[in-house]
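Paired with chain B in one complex and with chain C in the other, chain A is shared by the two complexes that follow.
Our next item is the complex of A and B:
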């Protein structure tokens, strides 16, 4: 067996209940369950995570506005046919990451992209990602406290834990007193 | 219209986009050289985070208190995470994890020269946080404005976390320099070891940096090596003074006219020696990485077997 780094999954983080899921990066794993576990380790060391989504990277239809304006064909990785639910993500403007915008029902991801453009086109989206809902896995809500609360017990991971400005002020004062 | 005209036109549009401050995303057209330079830089950066765990990792079991141990453990874990963010960013350009790891282990890929120096005493952990991470933050704050979207986003995430690294280092140095004579001496010896290698982290002088003009034109870098190095010196010299530490450079002096600290010449022979594999710890670092990879082979094999069985079941 060749030494493999396994499949890639894109990871989306929800910072708090009700907030939009935002793309954070990717992890390698053999299946969605372990992808979620790796995502938890890599992307929630700080208390910034309420829930995670993972999606196999090769199942996402991705199109930038540049590709679309060049008339790129929007052939879909999902099989067209009966209607299913798709998740629409977009990067708005030139700052920030891909953000979950909403759902749409469509027959295949090409149609979902068109519907996403109709629904969210006013948002200045510069890059679209279309994900069949069936390919997305969600971290278990009943495990959320066990998974994400320990980060809250580690305040020493935050720079504000270290009163360095006070130290440096004290040193400055000490020096001035010595000089006198 | 021949293909080179089309490429010229595309290059012109690409450079216009960058000049407008737009981010290039995976899927957008980019010159092959832009892709090549980014893969080179991002994978080197990822390797630096991963190898960077080694000098500090050795001190986790030797930390002087439980608090220091928790902090160091969290910092080293962050560096592992930062390596993951960066490998991800390189993968968006078509590089594979297998290729990048192979390049590191075979010695073909470079990583930051600083991690080929040993952390000889506890004070060195403070110096890594204060000096090395301050240097890293300056470089990474620049790269957070990089024209390639996935790299810029990884940098924003890393910079937010890296401030903790710098400050825990300054805290260590503060307590050592306010401590006993032996502690003050340990801090002084550590700064003597780390000062010059940290200045080398910014890379060669601009005149000797062949990649810089292309990197600046395409918005991958927005500041030069010498510019960043000068800002580092202007920031850290007063901090060293406050700590009561003497920096090992007899030519260091404040230039009233320019408002900058002037400093002596870097030993570029040493820089080239370390970068080309002959520093104090190059061999040990690569051996540690190869061994970790080999010893993890059974885990990857088990995950693959598990994945194959999940697929059969599905």
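Our next item is the complex of A and C:
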């Protein structure tokens, strides 16, 4: 599908130090630097963001278990002798998002998928994403304060900051009082 | 701090508060209109940040005058006539196209950054503390606007032309950000605020270098805009009328 809004990047958020990166959604951007900046604005406005990864969406090998059991290719020819690091993401069960499971060295993304299945097959993974580490961009740790701390003292960005009394709520309260 | 200095510093800080408030309002006008969704959100964020900074400056202003820091900011923003605003005309100009708004934000953020360096060293500790807090956030604004200035300047023929046109229009106003502010003489001579001329030199070196990277060139000669913090363009009155329209409907209302 052609898209007039620049390239698409998948965004992964690490909520706190040491936690797994979790897929948060995607952003459009002309390049990885702006993808990170946009990801910061779109996905870290509420607190709880320690670090961000972005990956060009079209560089991810994506396979569901259904596709794999229907015989989708997993063993396309590996590039001999040229091993690189891949990041393995999986969606556990049918709910939630793709979560970073771990890294594996492989010659090509298909081989990385097989290795990922061997290493993490005991988990109930329903969908796999394989990402070459070289295509991932990371928010700079030294800028983490400037990027993520301000959200913490901006409660006015949150709808809960504004105590709007709705008509329906007042109506409900009136009814409850009558019942008493 | 004696009373004269308190009053001078209060007025001086009001110029910063008004700059941030008016620019924040202009930025907020992009909500729902930016070229892509992500930038729409980013600009709404910038707008909220600038308003947040304005509120910090208004509070300091109120504290220096011994006024209530909770209620005075609202009175100043929602119940003061446009003629009383001390913002620089740069921030009241209509938002123009995307290039215009992005470039204005860049020129303003760079100026703010240069100012904050001086303000963070103020002898007045509460002022230095606010400056340091804003500095953290401005680092992010700066990254964002610099990245876009570069990409629009080096982008297509059209994006470059629009940026250069915006620069030609904005430059005279940007330069006038550094006209001496009310209260500045006393504040600067008492080491509670930097001298505008020093800040201007820092800013100029910085923005010219960044504009150059983006193949953009400030006009070599500019004539004074004829406007100032005490002499606004007609755009401010319109902006203030809109900004105050809801509050004016119910002046005694509580929010």
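The working rule: the second predicted complex is superposed on the first by the 143 of 180 C-alpha atoms of A that agree within 3 Å, B and C clash if a C-alpha of one lies under 4 Å from a C-alpha of the other, contacts with A are read in each partner's own complex, and residues count from 1 in each chain.
FYI, contacts are C-beta pairs under 8 Å (C-beta built on N, C-alpha and C of every residue); 3 or more make two chains touch, one makes a residue touch a chain.
From a predicted model like this one, the values you see are computed outputs, not experimental measurements.
In the superposition on chain A, A:175 makes contact with chain B only, not with chain C.
Of the two partner chains placed around the shared chain by superposition, chain B is the only one that A:126 touches, whereas chain C remains out of contact. Of the two partner chains, chain B and chain C are each touched by A:6. In the superposed model, A:145 makes contact with chain C only, not with chain B. With both structures placed on the common chain, the touch criterion links A:30 to chain B and to chain C. When both complexes are overlaid on chain A, the residue A:158 reaches chain B alone and has no touch with chain C.
After overlaying the two complexes on the shared chain, residue contacts for A:64 are found with chain B alone; chain C is out of touch. In the superposition on chain A, A:118 makes contact with neither chain B nor chain C. Between chain B and chain C, B touches the greater number of residues of chain A. Touched by chain B in one complex and by chain C in the other are residues 5-6, 27-31, 34, 41-42, 45, 154, 156-157 of chain A.
Against chain A, in their complex, chain B makes its touches with residues 21-23, 25-29, 67, 70-71, 74, 77-78, 81, 84-85, 88-89, 91, 96-98, 101, 149, 153-154, 157, 161, 163-164, 166-168, 170-171, 174, 239, 242-244, 297, 300-301, 303-304, 306-308, 310. Of all residues in chain A, only 5-6, 27-31, 33-34, 37-38, 40-42, 45, 143, 145-147, 149-150, 154, 156-157 touch chain C in the complex they form. Of all residues in chain C, only 36-39, 41-42, 45, 48-49, 52, 136-137, 139-140, 143-144, 147-148, 151 touch chain A in the complex they form. Every residue of chain A that touches chain B in the complex is listed here, in rising order: 1, 3-8, 24-31, 34, 41-43, 45-46, 62-64, 66-67, 91, 94-97, 126-127, 154, 156-159, 161-162, 164, 167-168, 171-172, 175.
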